[in-house]
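Next come the structures, one after another.
The two complexes that follow have chain A in common; it is paired with chain B in the first and with chain C in the second.
And now, the complex of A and B:
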């Protein structure tokens, strides 16, 4: 039995359909990340689980029991808000203990729990401060502390790191990952940052316009995206997308001619394609080889921008008659702007999407 | 805080604009303080001195004027005014804060209509409702009691203070109330432990405004009570003036006494009041 299950859940705000027929499950101790572009309904979905919004249709099951009508505080969930939502006039200790105080827990028990949680989050020396006397990262930890102290069945996080600067975001990301292990916690985590999703998740749910595009492990989604949306949403820099046409198909394989003339047509494994179909061919920047040796086909182009990141080099190549192609090369590549190159396209690394954007082949 | 606010005047040193502004400020201060000073000084003179030498300081300070005024009936009016003002301020602030909280935080149907109805009270001039109110108070059997003033003051005070407090509460992030819900708090807890503490500056402002309105109100006080024992200071001063006939200096002393409570209230609340104005800048 799953820890939490959403069964065909929908949510409408008047005429607006924010969530449409969404189903997924969360297992005990799983770290599930809901990811998608702004406005796709991530927060709404989390708020439905929390009970801050009513579910319009469908069921929410927790430990197998229908929880649609259970008041938020009785769902055994704790939520960490994007803006932290710390009470400005209460100290750190008071902020963390609000839930326990409302539940009229014994004072001595509260005190020991506060210090226990403060120790986990390194907040011991800050307990008497007010939120405005804390840094962004410290406030975030207090918000997490307020969740931990209640010992919830499931943690809900709504974009907890989006208010932090890049360095702090990285650090807190690691801390959340550690916390997940240390507490054996079940976590549902909302973000629009695909890197956070890829690094933290056991399971990713990709949302778009209120619907689920795909559910899977980070690697599963990365290597086998079900459609163009998922393919281009995950991965940075984005997957290159090249329009083309099927010029020959056989059982399980297809021959594709790219609109921007590749050296030769490319043979890919693909189902359900017939001659003349329009397709989009996707290839990740790291799968492209600079220099055509050993590739099934190549594209001639000219290097327009080189970004040296140290560990890797990102190269943008202008192709005649098409949009620029992004290539990732390992290490500090010895390549300069203006160089003419041939980009090798290994057939085994190509994703092929049909006219409707659905993947027709599976890689790996 | 205030020091950090860059000002066009002080940044460029003390130029002509600085002195011009300073002059204007002093002028305004003088214009508003002058009548008050005159009142206070006159209240320490004899009546003869007051007319004979209006501008000078008193030859000997007549503290007795104050005692006379107090004993001549001012004390009674002050007590009535304090009772009516304190009661109406407490009721207005508590009810408006509760109404604002409901309008901002709670979910229910017909919010917009209720808010419009409350705010609609702002456009109703008190004079228009004199007669119906008079009938109502008679019907309720509270004509000529403190309630005959407290109830109308509360009714006419709520629209503006709800307008004020609601506008402030709207700016408190809704996530605070949601966090409280997740923590198991009911609406009353959230109201009392989150919204009231965070709204203190605006509650102080609303209290101050209502205190001045109740203290200085004239028409209702003139119409809804008639016994000396329930008359408030604004009406009381009229009887007082009649009773004293020509003892103007004592009358001045009575007037000074009548503004002292509201001045004290202002001084007590103004820290909160000004705190409320600057808080947004600090955050």
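And now, the complex of A and C:
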């Protein structure tokens, strides 16, 4: 039995459908990340789980029991809000313990729980401070502490790192990952940042316009995206997408001519493709080789921008008749703007999407 | 040279308003203190220095003390109703108990009296309070409570309270609107976070709304107390301080002394007392704000 299950859940606000027929499950101790662009419904979905919004249709099951009408406080969930939602007039200790005080838990028990959680989050020296006296990262930890102290069945995180600067975001991301292991917690985490999703999740649910695009492990989604949306949403820099046309297909292989000139045979389940079909070919920036030796297809181009990041070099190559192609090269590549290059596209790294944007399955 | 210019420039911009304040507010206030040390009247060119004589007279005058008690009663009831009841009403209207349209209707209905001129309000309520024919007595008769019927503005026991209630009717809605603005500024997710902790509506009010509107409450309390000690118009229109000084307040006492009894020096001493009471309230407010 799953820890939490959403079964055909929909949510409408008046005439607007925010969530449409969504089903997924969360297992015990699983870290599930709901990811998608702004306005895709991920926060609404979290609020439906939390009970802060009513479910219009479908079922929310927790440990197999229907929880649609159960008040938020009785769902055994704790939520960390994007804004942290710390009570400005309460100290750190009071912020963390407010739920226990409302539940009239014994003062000694509250004190011991506060110090226990403060130790986990290194907040011991800050317990008497007010939120306005804390840094962004410290506030974030207090908000997490307030969730931990309730010992919930499931943690809900609503874009918890979006208000932090880049360095702090990285640090807190690591802390949340450690915390997940330390507490053996079940976590549902909302973010629009695909890096957070890829690094934290056991399972990613990709959402777009109120619908699920794909569910899977981070690497599963990265290597086998179901459609163009997932393919281009996950990965930074984005996957290169090249329009083309099927020019020859037999039982196992389709030959695809790219609009920008190259031609390549690709092993796909060709029964869905016939000659003349429009397709989009996708290739990740790190899969492209500069220098065409041994590749199934190659494209000539001119380097327009070079970004040296130290560990890797991002190269933007202008292709005649097409959009620029992004290439990632390992280390500090010795390449300059204006250099003429040949980009090799290994057939094994290509993704093919049909006219509707759906992936065409590879063979093998 | 440039530095001096830059330093003086702000004062240049401030000077028109400072000049107006000096001529029309601070000057007269100080002048009034000087006036209060003389015995004089508008009909007599002779001014006689009496030192604190006016104040000795004032503090031994039972009408002054009755007025002060009435002002204090005015302040206490006004703070209770216009601040605390108004906060409660604002919180209920904000708590999504009622549909949004109904909230707008209530808010507008409560607010409307505050835009009416005091004279209109006074006359309106004189009609409502009218013995036998007035709305209140008619309601009492209709519900069989004839024995509770009073000459509301004509009896010493009820006159002051009747006037104070009119003031509450007129201004509570205004305060509700101000509190609603203040409550609306509290982030919604604080309430949601506490709701997830299992807090009832009342606990949310206690833990979030009250601390969230503390500044507004403090300022509105002070403004209400100021208003209660400066009140003149509504009392003058409705009862003129009567019957038998039962609804006399410092404002009407001062006005009567100056413009009816022509003891202007004495009236100035009443004005000085009002001035110092409001200064004290203002200082308490400043201290409380600094302490935060």
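Just so it is clear, the second predicted complex is superposed on the first by the 352 of 364 C-alpha atoms of A that agree within 3 Å, B and C clash if a C-alpha of one lies under 4 Å from a C-alpha of the other, contacts with A are read in each partner's own complex, and residues count from 1 in each chain.
Just so it is clear, contacts are C-beta pairs under 8 Å (C-beta built on N, C-alpha and C of every residue); 3 or more make two chains touch, one makes a residue touch a chain.
Predicted model only: the values in this text are computed from it and were never measured.
For the composite obtained by overlaying on chain A, chain B and chain C cannot both be accommodated without a clash. When the two structures are aligned on the shared chain, A:132 is found in touch with chain B, with no touch to chain C.
Once chain A of one complex is fitted onto chain A of the other, the partner contacts of A:13 are absent, as it touches neither chain B nor chain C.
With the contact threshold set out at the top, residues 50, 52, 72-74, 77-79, 81-83, 85, 87-89, 98-99, 102-103, 146, 150 of chain A are in contact with chain B in one structure and with chain C in the other. The residues of chain A lying in touch with chain B in their complex are 50, 52, 72-74, 77-79, 81-83, 85, 87-89, 98-99, 102-103, 132, 146, 150.
Contacts from chain B toward chain A in the complex involve residues 173, 175-176, 178-185, 189, 193-194, 197-198, 283. Of all residues in chain A, those touching chain C in their complex are 50-52, 72-74, 77-79, 81-83, 85, 87-90, 98-99, 102-103, 146, 150. Every residue of chain C that touches chain A in the complex is listed here, in rising order: 187, 189-190, 192-199, 203, 207-208, 211-212, 214.
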